[in-house]
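Here's a structure for you.
Note that the chains are named A, B, C and D in the order they appear, and that numbering of residues resets to 1 at the start of each chain.
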Amino acid sequence: MDKAGSKRREGLIEKDLRKARRVAVIGGHQPDQESLDIAYETGRRLAESEAILICGGLTGVMEAAARGAKEAGGLTIGILPGTNPEEANPFIDLGLATGLGFNRNSMVVLNAGSVIAIDGEYGTLNEIAFARIYNKKVIGIKTWNIEGIITASSAKEAVELALSAETK
Amino acid sequence: MDKAGSKRREGLIEKDLRKARRVAVIGGHQPDQESLDIAYETGRRLAESEAILICGGLTGVMEAAARGAKEAGGLTIGILPGTNPEEANPFIDLGLATGLGFNRNSMVVLNAGSVIAIDGEYGTLNEIAFARIYNKKVIGIKTWNIEGIITASSAKEAVELALSAETK
Amino acid sequence: MDKAGSKRREGLIEKDLRKARRVAVIGGHQPDQESLDIAYETGRRLAESEAILICGGLTGVMEAAARGAKEAGGLTIGILPGTNPEEANPFIDLGLATGLGFNRNSMVVLNAGSVIAIDGEYGTLNEIAFARIYNKKVIGIKTWNIEGIITASSAKEAVELALSAETK
Amino acid sequence: MDKAGSKRREGLIEKDLRKARRVAVIGGHQPDQESLDIAYETGRRLAESEAILICGGLTGVMEAAARGAKEAGGLTIGILPGTNPEEANPFIDLGLATGLGFNRNSMVVLNAGSVIAIDGEYGTLNEIAFARIYNKKVIGIKTWNIEGIITASSAKEAVELALSAETK
């Protein structure tokens, strides 16, 4: 974590965490390198914007985004399928076990004001659908081409879109 | 229920219900008339093939399919979002309360060998994605155009496809 | 299945299944022989009373009760923790997969008008508590001694109590 | 928040949150004043021990414990039954929506190394049972008298017992 990140992290908890915006980053378990890079930068930019990162807590896009956020001093929450909070990837501050398997997908999006989808297969599609059911804004990069998703072409644009419409 | 339906129903319970094939019919709450007609015919044909109908137990495509199946002497199961089994539509034999809200979607597809999607919005997309996560065959009519769905152009074709690949 | 059982089963599905009473039988995985005998007789008597048996679908008390009900021509439903409907014990007519692990406990009691608890450990206690949360009548035999449980000393008495207060 | 609390809070995020112990406090919605006082002191002492407080996020014991923890500079997580993270009581730092109703009970205890139960009715009994299913240590004050609960007579003793056996 660089100096700005450390400073950000110090300030984080003193702020009212309830007022922090939350953005979910969802996506594939085994993305290509480009998607991993985008996920990392997305996490980084979310932390720099002082948004809390919500994700599924496991590998691939989830881990890259969490690493980016963590390295920039952000707070990262992983909503896990299993019963052990420690199954979270190493960049998750707070791993939350659900014991629900794939049914935990709905919780990932429920706990965010908006959702950024990067790459991904049916699990990601499932989360996108839950997000739309719950009227969450979904921004997509290199992911499912579904009605109701706003397409972004970069991490920068995705984070701006995710945070723009959304004050909480 | 016509005579053939009554006969079918009489025979139903003597058979081993565990050996009956199960097909889920999913779709919109407020479909157009054409979709309702397709759903009705799909339910009817499933019952005529002695398959158990699994659905979400509520209105629209779910109700039309259940009505078709029930009128043809079939067995209909509704997996409900709320906590009251009686919230099922009138054509459901066995309403099962989950108390899970939209999280019950996964159960609709988990309990079928294959899935027929007719019309539908994000809830249907969510169920299609769960079906694909769990490797269930999905047949679609007038619904989401998603990779991994087999398109059918009629109820007849959909039921044949749903039952063909699947012995259980 | 004896002759009366066969006849009962034939008649079962012609009746309106929605009007059938449902009783959940819950209890231990590894009960002693006496508890197994009570569970078996409880299942049998429920079937003879034309009530649908709801249970967790697995071993021990669940299996003994399902066997009793099945042998008497009843209908048995197992609400399963895993994702495969076929993991149900052999006496379950309709195994329903939830993918929820122990979280499926709430569904066992939600789908019954009353609950009979026989033997059991913390899983049974958990279901008793869910039953009381949802205001279901709980009858107990050789089980947790908890406020809000009505104690019965035999399967006969338990089934009478379970069905008495309850018209649905 | 007093000075020690502020200092504690400042230090909190710099520490590895993954290494922080987590203790769940569960209990009634409408406890008497004595139970509220115990819950408050329990939350306070947990924060002073740098443990994260996990609770159900709503009123009564949950709120009193969260207030105690928050005033002492601790971190408080509320696992909520509904779909809106903002339904958490005002002393919850991170409200997590589940959309699962009472099924969220299992998550409250899954995410803690040990559990302190104060007062409470069937919801608390349900959580105690989930805790024991998952092999969590349960300390009870003025609550259900169940096999497998360690009784404490004060908040001080409860917190010591909760933290003693448990390094994570």
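By definition in this document, contacts are C-beta pairs under 8 Å (C-beta built on N, C-alpha and C of every residue); 3 or more make two chains touch, one makes a residue touch a chain.
For clarity, every value in this text was computed on a predicted model and none was experimentally measured.
What's the chain with its C-alpha centre farthest out from chain C?
Of all the other chains, the one whose centre lies farthest from chain C is A.
Would you kindly tell me how far, in whole Å, the mean C-alpha position of chain D lies from that of chain B?
43
Can you work out the whole-Å distance between the CA centroids of chain A and chain B?
Centres of chain A and chain B (C-alpha means) sit 34 Å apart.
Measuring from the mean C-alpha position of chain B to the mean C-alpha position of chain C, what distance in angstrom results?
Taking the mean C-alpha position of each chain, the two centres sit 27 Å apart.
Tell me, which residues of chain A touch at least two other chains?
83, 99-100, 102-103, 106
Looking at which chains touch, is this a line, ring, star, complete or other?
If you draw each chain as a dot and join those that touch, every dot ends up joined to every other.
Report the residues of chain C in contact with chain A in the complex, numbered from low to high.
Per the stated touch rule, the residues are 83, 99-103.
In the complex of these two chains, what residues of chain C are touching chain D?
100, 102-103, 106, 122-123, 125-126, 128-130, 132-133, 144, 146, 148
Please give the residue numbers of chain B that touch chain C in the complex, ascending.
9-10, 12-14, 17-18, 22, 75, 77, 79, 83, 85-86, 88, 92-99, 106-107, 110-111, 134, 168
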